[in-house]
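In what follows, a single structure is set out as structure tokens and then discussed.
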Amino acid sequence: MTLLEVKNLKKYYEISQGLFKPKVVVKAVDNVSFSIKKGETFALVGESGCGKSTTGKTLLRLTGTTSGEILYKGKDLLALSAEKMRSLRAEMQMVFQDPYASLNPKMTIKQILMEPLRVHNKFQPEERLEKILKILEIVGLSKEHLDRHPNEFSGGQRQRIGIARAVILNPDFIVADEPVSALDVSVQSQVINLMLELQKEFGLTYLFISHDLSVVEHMTDRVAVMYLGKIVELVDTEELFANPKHPYTQALISAVPASHPKEVKERIVLKGDVPNPANPPSGCTFHTRCPFAMDICKSVVPALTEIESGHITSCHLYTNNKEEK
Amino acid sequence: MLDFIVKRVVQVVIVVFLALTVVFFLIRLSGDPTTLFLPPDAPKEQIEEYRELLGFNRPLYVQYAEFMKGAVHGDFGESLRSGEDALGLVMARMPATFQLAISALALSLIIAIPLGVLSAYKRNTLFDKASVGITVIGQAIPNFWFGLILIFIFAAQLKLFPSSGGGSVKHMVLPVITLALYSVSRFVRFTRSAMLDVLSKDYIRTTKAAGTPTSTLIMKYALKNSLIPIITLIALDLGVLLGGAVITEAVFSWPGVGRLLQQSLMNRDFPIVLAGVFIIAIIYAVINFITDILYAYVNPQIRVK
Amino acid sequence: METSTITTTTNPIDSKVQKKSKFKFFFRKLSKSWTGMLGFGIIIILIVLSLFGQWIAPFDPMDAPLRDRLLPPLTDGHILGTDQLGRDILSRLIAGTKVSMIIGLATALLAGVVGTIIGVTAGYFRGWVDVVLMRIVDVQLSFPFILLVLVVSAVLGAGLTNIIISLAVGGWVIFARVIRSEVLAIREKEFITAAIATGVPKLEILVRHILPNIFTPIIILVSLQMGTYIIAEASVSFLGFGVQPPTPAWGNMLNEGKDYIFGSWWLITFPGLAIVLTTLGVNLFGDWLRDTLDPELKGE
Amino acid sequence: MTEVLLEIKDLGIQFKTGEGVVQPIRGVNFSLKKGETLGVVGESGSGKSVTSLAIMGLLPEKKSKIVSGSIHFNNQDVTHLKDRQFRKLRGNEISMIFQEPMTSLNPVFTIGEQLSEPLKQHKKMAKKDRKEAIINILKQVGIPRAEQIINEYPHQLSGGMRQRVMISLALLCDPKLLICDEPTTALDVTIQAQILELMKQIKSEKDMSLLFITHDLGVVAEMCDRVVVMYAGEIVESAEINELFDNPLHPYTKGLIDSLPTNNTRKSRLFSIKGQVPRPDEIGKGCAFANRCPYAFDKCIASAPPTFSTGEHLSKCWLQEPERQVKIQ
């Protein structure tokens, strides 16, 4: 059961270089396609600037799209009128990375949680407070917090409020953009648990955007790895960690620090930095850092291919029938 | 670079054009000035004759087009009073105003930057508090009144300097001090806060961690960083300085553009006002241009672009 | 999940107590800064003088017995002396307070309202509206404020209303520019994206999320600009364009007094001091307000 | 027995804030031997960064005060050292790498100008030798085109490159002690891997001790010989790296290790420590961790535990009182 399908999504930015120079086009999201099944947690993984957050925002139409289709329950979101999209937002919500910036400092918790109910006209006004109290209890806060402002809470508590705001309308789909990366270690696990519980309780579907592979491994079902605006590998989470195909995925997984000092990690250290997205390398954009780069990689863009059942990757190592690691 | 200059020149043209247009219509809206030159009981025919002579009887847009055509060639008409070329009159007064404004700017910078830096370095000491206190008061003093007080003390009582007129260095002392007062106060406060801002930056901690002594830290490193915002402020304040010059010139009867403009406004001698507006808008644009270049010089992030 | 067991130390607050404590909070903060107190004190005195000045003043500020002209301070009950027409300077200063306060406040409100509307429009709706409005702001900023006020007030003619309009014509740009950049900054905040994601309509985002967050900078700017307007009015009146005699205003008192500078120092000293004290009070309070409410705004 | 390079005893630091005085550091003890890499682990607000700034003598002068204890570096008491004397150590014998490579380099000076600063302060060198030394060190930290880089400005470099520049800046004068304050936190995973490899390599080449401050247990596991765990301004546990991971004695340490996703079965509920780190003004007379501790009992709330030792393994928990010695599992 597909809840959301993304087809050939593109998001290009233009950067003006001055009056007499041509504009530079940055391909933040470049021809990305995937689909999310109802009830699953789908992860977008990659390093800063790879386009994972932009992809998340385009799905909710929080930023413009250059081309492509986003089918949510079969409807193309990009074709909806602004008003239709606005009312559909009751079903599609978002949890943000920065719990400090994502709550309006001038509003009380009650106002913050009341807002979604009010704008979507859910429940009778007198029932709304009841609903708010219920959701507060679910996320581990209580009645006495109602009239406080966000600055009176710690980062972890704020993220709970942000999650409460997202789930209060009983949505079907939530985009969670790095929801735990701004939190302290001991609080991270609390919030992850909360998200897992809510998913079970409300049958939520998550798009989980993260750079933290150990969190992704723990709580997601399928993963798409992104590099410079493109998906380079897409497969079930367990399979990805057990048998990564794309050299970038391999390097990414190997770069995760060990969890025990005795654990010996065979590490693939990539050379160099992520190239400037305004001026990406030719061919396979990863070839400048790839330990297995071949001649063909410099000139030909590898296509996303299903190399094993359900395991998609874009790498010449596999399309050339040369099975190498 | 070419890009930058073209953009800038276009901008200046727009600014000057709009400024002239607005002032032109403002002036015309306030009625025509013919009545000012004639006795109040002048016969109607005489007024009409005069209006025709000065061209005020034509439709407004014709007058505007005529005016703009002249302005492009630097012709703003003749003074309604003296009949001399308006732009020429303004230009003749420029040197005196420049003398005043530049001396005041130089004086403010010489005093304000060291004071501001020292104040930031000795934050919360008696010295810092005193300098902040003086600048707060300095900003509250209207400069024309400060000028009057200086005249009272140094011209009327002590008879050290002349109270009005221009021509010698002695004539300059009181007007320059008067004009510098406000800028000094602003510059000290701003240098101090720019410096404090820079001193709290991570990269200053890095330099400190290299074992750099505080004096080097401030004089070599932090000062260069804080110059970026300081230059911006100075550019912004040059407008205030030019405006202040108008008032200061009035107080000291300084023979500059400001005094000319004030008198022309009083006399409704509008060709001169328009010529003055034209010149000031251009000067201001030039100053902004220079600031941008200076800015690029101290800020490598812009330079490399 | 027992997170709530360790909550912040503040007691549960109900909203009534909170409103009351806001006043208390204001005064507790104020009492910590003597400069803020001083500014606040001066402002209170100025308000009292402008409201009840006519009963406080020892003489009629318009009464001009020529035999009493140019009396030095402390003669015949004239604490600050008399002017060239024999009018009591103290009484005229008190009467002038009202003029200065009205001009300062009215201009700040007028310029503030116009500038805020334009700034919000430009910053929130962006596009060509923003481009056009900001071009106008740039053009105006490329012209000295005081000179603009001078030209406009020369064109409009003398009078209290006209000087207020002239000052506001010169002053709205600052508001427009600051408010626009505030709006731009807030627009980029994640809580605005969150509101869009929640499905809050565009206009409601402006009213509920953006306006409350620019309220503080507006208040700060109003209080900081008032001093500028008071000084500008005095300067314009001093040059003979603003409030015209015989209305007692500090600027035209100085204008009239400047011809007597060599003989009668009190004619120029006291009106000037009145301007300095007023501006100082307003500025000190404005500075304190800025430092307390919005430390980030420090240094422009 | 190897020599001790850095010894901190009962360190207490107070900060003046608008609301009054707080004490984010309350009695910190640890020592660092020559050639050793010591990890300091803790969450935000645990006081790990404040401690490192104290070692560098970089605490904000007027706002903070060392109220108790001492810091000895290389047998010299540096606790209340005058800035003039401290300057001779900073950048010379003690160096530091900061968390934010993007903001830690001065935007208006070239890389070369910034790198010559410690050499100017501590080494008498001709200009030409200085340049050579700088190019040399840049090459050592793996910066390509070192000759050109010295004339470039920080904004022309990527985050990873800047952090390499920061490392080279710290290494210029061959310090005896290198403090790394979350050196990889702001970096991407693949860049983090590069920087960690680099630091391992540098450590193996140079005779240097490392104080590695981080919140990431994984980084500690890879880099350190010994670990101290900080919580709410004190050290709650200190042990050799394997011992700490295999046999954590303090419930906080155990909680941190157990809550790592990799130590939990996939999709299961993660182990988690309830509640959150207390603010300095919320700490009472008992154990600072008592309100979050699943093992807390009366004594924990009544009084703060002293440090108990089991050989080299120290912990500040009443469970480790000699007559109790509970194994938490």
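Letters A, B, C and D mark the chains as written, and numbering starts fresh at 1 in each.
In this section, a contact is a pair of C-beta atoms (placed from the backbone, for glycine too) under 8 Å apart; a residue touches a chain by one contact, two chains touch by 3 or more.
Which chain is which protein? Per UniProt: A = Dipeptide ABC transporter ATP-binding protein; B = ABC transporter permease; D = ABC transporter ATP-binding protein.
Fair warning: this is a prediction, and the values are worked out from it, not measured in the lab.
> Tell me, which chains sit next to both chain C and chain D?
Of all the chains present, those in contact with both chain C and chain D are A, B.
> Looking at CA centres, what chain is most distant from chain A?
Relative to chain A, the chain with the farthest C-alpha centre is B.
> So the centre of each chain is just the mean of its C-alpha atoms; given that, what is the distance between chain A and chain D in Å?
Going by mean C-alpha positions, chain A sits 32 Å from chain D.
> State, to the nearest whole Å, the distance from the C-alpha centre of chain B (ABC transporter permease) to the C-alpha centre of chain D.
One centre to the other, that is 53 Å.
> Express in whole angstrom the distance between the two chain centres, defined as the mean CA positions of chain A and chain C.
49
> Centroid from C-alpha atoms only, then distance chain B (ABC transporter permease) to chain C, rounded to Å. What do you get?
23
> Using the touch rule from the top of the page, what residues of chain B (ABC transporter permease) touch 2 or more other chains?
Answer for chain B (ABC transporter permease), listing residues that touch two or more other chains: there are none.
> What are the residues of chain A that contact at least two other chains?
154, 156-157, 190, 193
> Would you please write down the residue numbers of chain C that are in contact with two or more other chains?
1-3
> If we count contacts the way the header does, which residues on chain B (ABC transporter permease) are in touch with chain D in the complex?
That would be residues 124, 201-214, 221, 224-225, 228, 298-301, 304 of chain B (ABC transporter permease).
> Can you name the residues of chain C that touch chain B (ABC transporter permease) in the complex?
These residues of chain C touch chain B (ABC transporter permease): 35, 135-136, 138-139, 141-147, 150-152, 154-157, 227, 231, 234-235, 238-241, 254, 258, 261-262, 265, 268-269, 271-272, 275-277, 279-280, 283-284, 287, 298-300.
> Which residues, counting only chain C, touch chain A once they are in their complex?
Within the complex, chain C contacts chain A at residues 1-4, 7-8, 10, 12-15, 18, 189-191, 193-201, 204, 208-209, 212-213.
> Spell out the residues on chain B (ABC transporter permease) that touch chain C in their complex, using ranges where they run on.
Per the touch definition, chain B (ABC transporter permease) meets chain C at residues 11, 14-15, 18-19, 23, 26-27, 29-30, 136-137, 139-145, 148-149, 151-152, 156, 163, 189-190, 193-194, 197, 229, 233, 239-240, 242-244, 246-247, 250-251, 261-262, 265-266, 268, 273, 277, 280-281, 284-285, 288.
> Going by the contact rule set out above, which residues of chain D touch chain A in the complex?
So the residues of chain D in touch with chain A come to 43-44, 158-161, 188-194, 196-197, 215-219, 221-222, 224, 241-242, 245, 255-256, 259-264, 266-267, 269-274, 276-277.
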